[in-house]
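Think of it as A, B and C in the order they're written, each chain with its own count starting at 1.
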Amino acid sequence: MMRTALLIFRLALMERAAYRVNFMLQICGGILSILIVVFLWLAVYRSSGRSELGGYTLPEMITYLLGAGLINSFLLTTAENPETSQAIQDGSLSNLLVQPFSPYGLWLFRDLAGKAFLGAIGLAGYTVLAVLLNEKLVLALEPFRLALFGAALAAAVLLQFLVFQSLSLLAFWVENTYGFRFTMRVIMEVAGGAIIPLSFFPAWVQKVFALLPFTYFVYFPMRIYLNKIEPDEILSGLIRAAAWTAGLAGLNAVLWKRGLRRYTAMGD
Amino acid sequence: MKRHLRLFMLLCKIGLMRQMAYRPHFFLMVFGKVVRMALLLLFFQAVFLKIDRLGQWTFDQVLLLFATFHLVDYVMSITFQRNLSFHLPALIQSGNLDSRLTLPVQPLFMASLEHIDMMDFISFLPCLGLLGYALYRLDVAFTWLHALMYGLLIVNALVFLFAVVLIIATTSFWTTQSAGLARVFDDLTRVGRYPLDIFEGFWKFFFIYVLPLALISQVPSQALLGALSPGFLLYAVACSGLLAVIAIRFWRTGLNNYSSTSS
Amino acid sequence: MPFPSTAPLAVSARNLTKTYWFHEKAPGLSGAFKALFRSRKKCIQAVQAIDFDLRAGELVGFIGPNGAGKTTTLKMLSGILCPTAGTIDVLGHVPHRREKAFLKTIAFVAGQRNRLFWDLPAEEYFHFCRVVYEIPDERYAAAKRRLVDMADIGDILTVPQRKLSAGQRKRCELVAALLHDPRVIFLDEPTNALDLVNARKLREFIRAKARDGRHGIILTSHNMADISEVCDRLVIIHGGKIVFNGSLASLYERFLPRKQIRILFDGPWARDELAPLGDLVRADAQEVVLEVAASATAGTAALICSRFSIRDITIREVPLEQIIESIYAQPHR
C-alpha cells in the first residue's frame, strides 16, 4: 500500500512538472507581491519613525512576510483544489472506486505532491530573495527551534488539507461546492496571518481568529520561528493543532463514509 | 453598437442566473464576498492604526487611492478578467472557440464578456461607499472638472488593464502556459493599491513609465485631488490608447493564427 | 431521388485546399537539440483541391475515414478555418471573412461540444440566440414553437442542461442553431454520442427540416444510417480528396453492382460445391454469405435452393459499410 502511495505521489509530481513554467510564474507572482508588501512596510516604518510596530521590528516584519509568502506558496494556491469535488460531481469517482486503492488516499497523496512541488519551487525562490535581503532579515538557525517550526508546518499542511477536503466532500450532497471553498479561502488568507501578523488586529478580532484552525497555518509557525512565543504557548498550540487535526480527520472520515454510501446508492 | 449593449445586459442577467442556479452556492458567495471586503478593510485599518501618513499621502488620501483601486479592480473582475485569463485559454485548448466564431458577434466581445461575474458586484458596491466616505473625509474643494478627469481616468485605467490582460491572454493561442503569466500580472497590479511613494527612485520611475501601474488608481486619485498636470493626463490616455491598439492588433494576429493552424 | 439542378447554388467551392506546416523533430534529447538550429518543414495536405457544390434544399453527407478532411472542409466552408488556397462562395459571401451578414445565414453544430449554458435551461440560450441574431419577435416565437415541436423538447425547456441526457441536449442544441432560420446548416457528426433511439429521433428532425426545401444542409458522419436514411447525396472524402460525389443509388451502381445471398443450411455443406458460385464472404457451419454479381443473383439463388437443403435464404444489397470500406482501402495519391 505504501508503494502505491509513493507511486501516486511520484505521478502527481510528474504531472505538475509538465506545467512547471506555469507554477514557477505563479510563485514569481507571489514573490513579487511579497516584495511590494515589504516595500510598503518599509515606508510605513519610515513614516512612523518607530522601530517597532504591533510588536514587530522591521527585520522581524520582513522575515514574517517572506515566511508567510513561502508558506502561502504551497498552502494558499492548493486550497482551491477542485479535484475531489469534480470527481464526485462528474461521476469519475466511480472509476476510482473500482481500483485497488482508496480514492481518499489518492487525493491525499496528490495534494501532498502538489504542496511538495510548489513548496520546492517556493523555497528556491524565497531563498534567492532571502539572500538578496539578508541584512534585513532575522535568521534563526537553532536546530530545536527549526524542528518545532517544521512540526508546526507539517501540522499546517495536514490541517489545510483536512479543512478543504471536508468542504470538497460536501459535493456528495451539494451540487456546487465552489462557494464553500471560496469563502473558506477568503477567511483563511487573513485569519491565517498570511497578510499581516494577527497581533495587528484589534483585540476582539484576534480572539475570534484564535478560535479558528487557520491561526496554525502561518501565524503560529512564524511566531515559533521568530521566537515571539512562550514555550508553554508552543506546547499548548501544538496540542490544540493536534486536536483540530484529530477532529477534522474524524469529520472527514464520517463525511467520506456517509457520502460514499449515498453516492453508491444513487448510482449517479 | 446598440445590439452589443443589449447583449451585454443579457450576459449580465445570464451571469446572475448561473450563480443563482445553485442555492447554497449563491448565498455563500454573497457571504464570502462580503467577508472578503470586510477583511480587506480590516487589513487597511490595521496598517493605518499605527501611522498617519504614507510618504506624501495622508490616511484619507490613501483611503481614496485604495477605494479607487478596488473600484477598477472589481469592474475588471466582473467583466473581462476571468474571461480572458481563464476561459479563453480553455476555449482555445478544447476547440470550443469555434462555436463562438460562428456567432455573428465580434469574437473579442464574446471572449471578453461571455461570463459576467455578478457576484463581484457585491464587492463593488462597498467600494463605492468607501469612495464616498473618503471624499467626505477629504474635505477638499472639488470641481466638476476634477470629477470629470477622475471618471475619464477610471475608464482609462480599465482600458489599460484590458489591453495588458488581452495581450497576455492572446499568448494562449501559441502556448499553454499563459495562465501563469496572467497570475504574475495579477499579483503585480496589486501594487496599484498603494501610493508609489513607498518606492524609491528607480522603481517609482518603473511603475510610472515602464509598466505604468500607477495609471490604475494613483493617477485618477491625483486628478480628483487636483494634483495632476494636464501633460500627465495626456500621457496617461496616450499610454493606454497605444497599448489598446497593440493589444487588438495582437489579438487579430492570434485569431488569424487560430484560423490557419488549428484543425 | 435525383435532385433538381435548377435550385439556386447555396455553397460553391473551387480548388479548396488546406495544408498544414510543421517542423519535424527527431525523437529524444539530441533530436530536440538539433531542432533548435535546423529543422525540416513537413506539410500535411488535409484537403487537396476539392470542388464542391450545394444547392438550396439539398441534404449532403460527407463521409470518410478519420483524418480524411471532412471536418476541416466543413470548418472552411463555415469560416472557422482559413483555406490555404481555393475559393469558397456561400450565399454570396467569403466565409473566412466572417462578416456579420454571412454568420447570420449559417449554423454550425459541432459534434461532441455543446454550447448551451450548462447550469441553465435551454430557454435561456434560445433567448440569447434571439438577441445575438437579432431575430424579430414574431419570427422568433413562430420558429421556436415549430422547432420545439419538431424536436420534441417542449417539456424539458425549463430544465437545466446539466440534468438532461445527451440526446436531449443535442436536440436542444439543434433547435438553438436553427432559430435564426439559417440558409446553410453545417452539422459535424450530429449523432456521434447518441444511442439508437436518440439518433433516429435526430435524423427525423433533420429530415423534417430538409423537407421544406429552402435550406442546404451538409453533415459529416461515421454512421451509415445517417447517410443512407437522411442524405440526398453522398460525398466520400479520402486523403483530402473527393473520391465519390453522387446519390446513394449511383454509388451502388458504380462501385459494386453485386448482391449478397445469405443462406442458412439445414445440414452440412461442402466448400468446393459453393465456391464456384460466388465469393464466400462468410462461412460458418450453418450460415454462409455468398457475394455474386447482381445479374446472376436470381439464377444462383435458384440453383442453391434446388441443390442444397436449406432453412432460410436472404438476398440483400452489399452493406454500405463494405462498399465504403473498400473505397477507403483503395490507395489514394
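The definition used in the following text is that a residue touches a chain if its C-beta (ideal position, glycine included) is under 8 Å from a C-beta of that chain, and two chains touch if they have at least 3 such contacts.
Quantities reported herein were computed from a predicted structural model and do not represent experimental measurements.
*Asks:* Of the chains present, which has its C-alpha mean closest to the combined C-alpha mean?
*Replies:* B
*Asks:* Specify the chain pair with the maximum number of C-beta contact pairs.
*Replies:* Max contact pairs: A-B.
*Asks:* Please compute the C-alpha centroid of subunit A, do the same for subunit C, then give the distance between them in whole Å.
*Replies:* For subunit A versus subunit C, the centre distance works out to 52 Å.
*Asks:* Using Cα averages as centroids, what's the distance between subunit A and subunit B in whole Å?
*Replies:* Computed from C-alpha means, the inter-chain centre distance equals 28 Å.
*Asks:* Quick one: subunit B and subunit C, Cα centre-to-centre, how many Å?
*Replies:* Computed from C-alpha means, the inter-chain centre distance equals 46 Å.
*Asks:* Using the touch definition from the top, which residues of subunit B touch two or more other chains?
*Replies:* Within subunit B, residues 22 contact more than one other chain.
*Asks:* Among all residues of subunit A, which ones touch two or more of the remaining chains?
*Replies:* none
*Asks:* In the complex, go through subunit B and note every residue touching subunit C.
*Replies:* Those residues of subunit B that touch subunit C are 3, 6-7, 10, 14, 17-18, 21-22, 94-96, 98-99, 101-105, 107, 256, 259-263.
*Asks:* Considering the complex alone, what residue numbers of subunit A touch subunit B?
*Replies:* Subunit A reaches subunit B through residues 19, 21-26, 28-30, 32-33, 36, 39-40, 42-44, 47-48, 50, 53-54, 174-180, 182-183, 186-187, 189-190, 195-196, 200-202, 205.
*Asks:* Please give the residue numbers of subunit B that touch subunit A in the complex, ascending.
*Replies:* Per the stated touch rule, the residues are 22, 24-29, 31-32, 35-36, 39, 42-43, 46-47, 49-55, 176-177, 179-181, 183-188, 190-191, 194, 197-199, 203.
*Asks:* Give the list of subunit C residues in touch with subunit B in this complex.
*Replies:* 20, 46, 71-72, 75, 78-82, 96, 98, 100-101, 103-104, 106-108, 110, 113, 115, 117, 119-120, 124, 127-128, 131-134, 160
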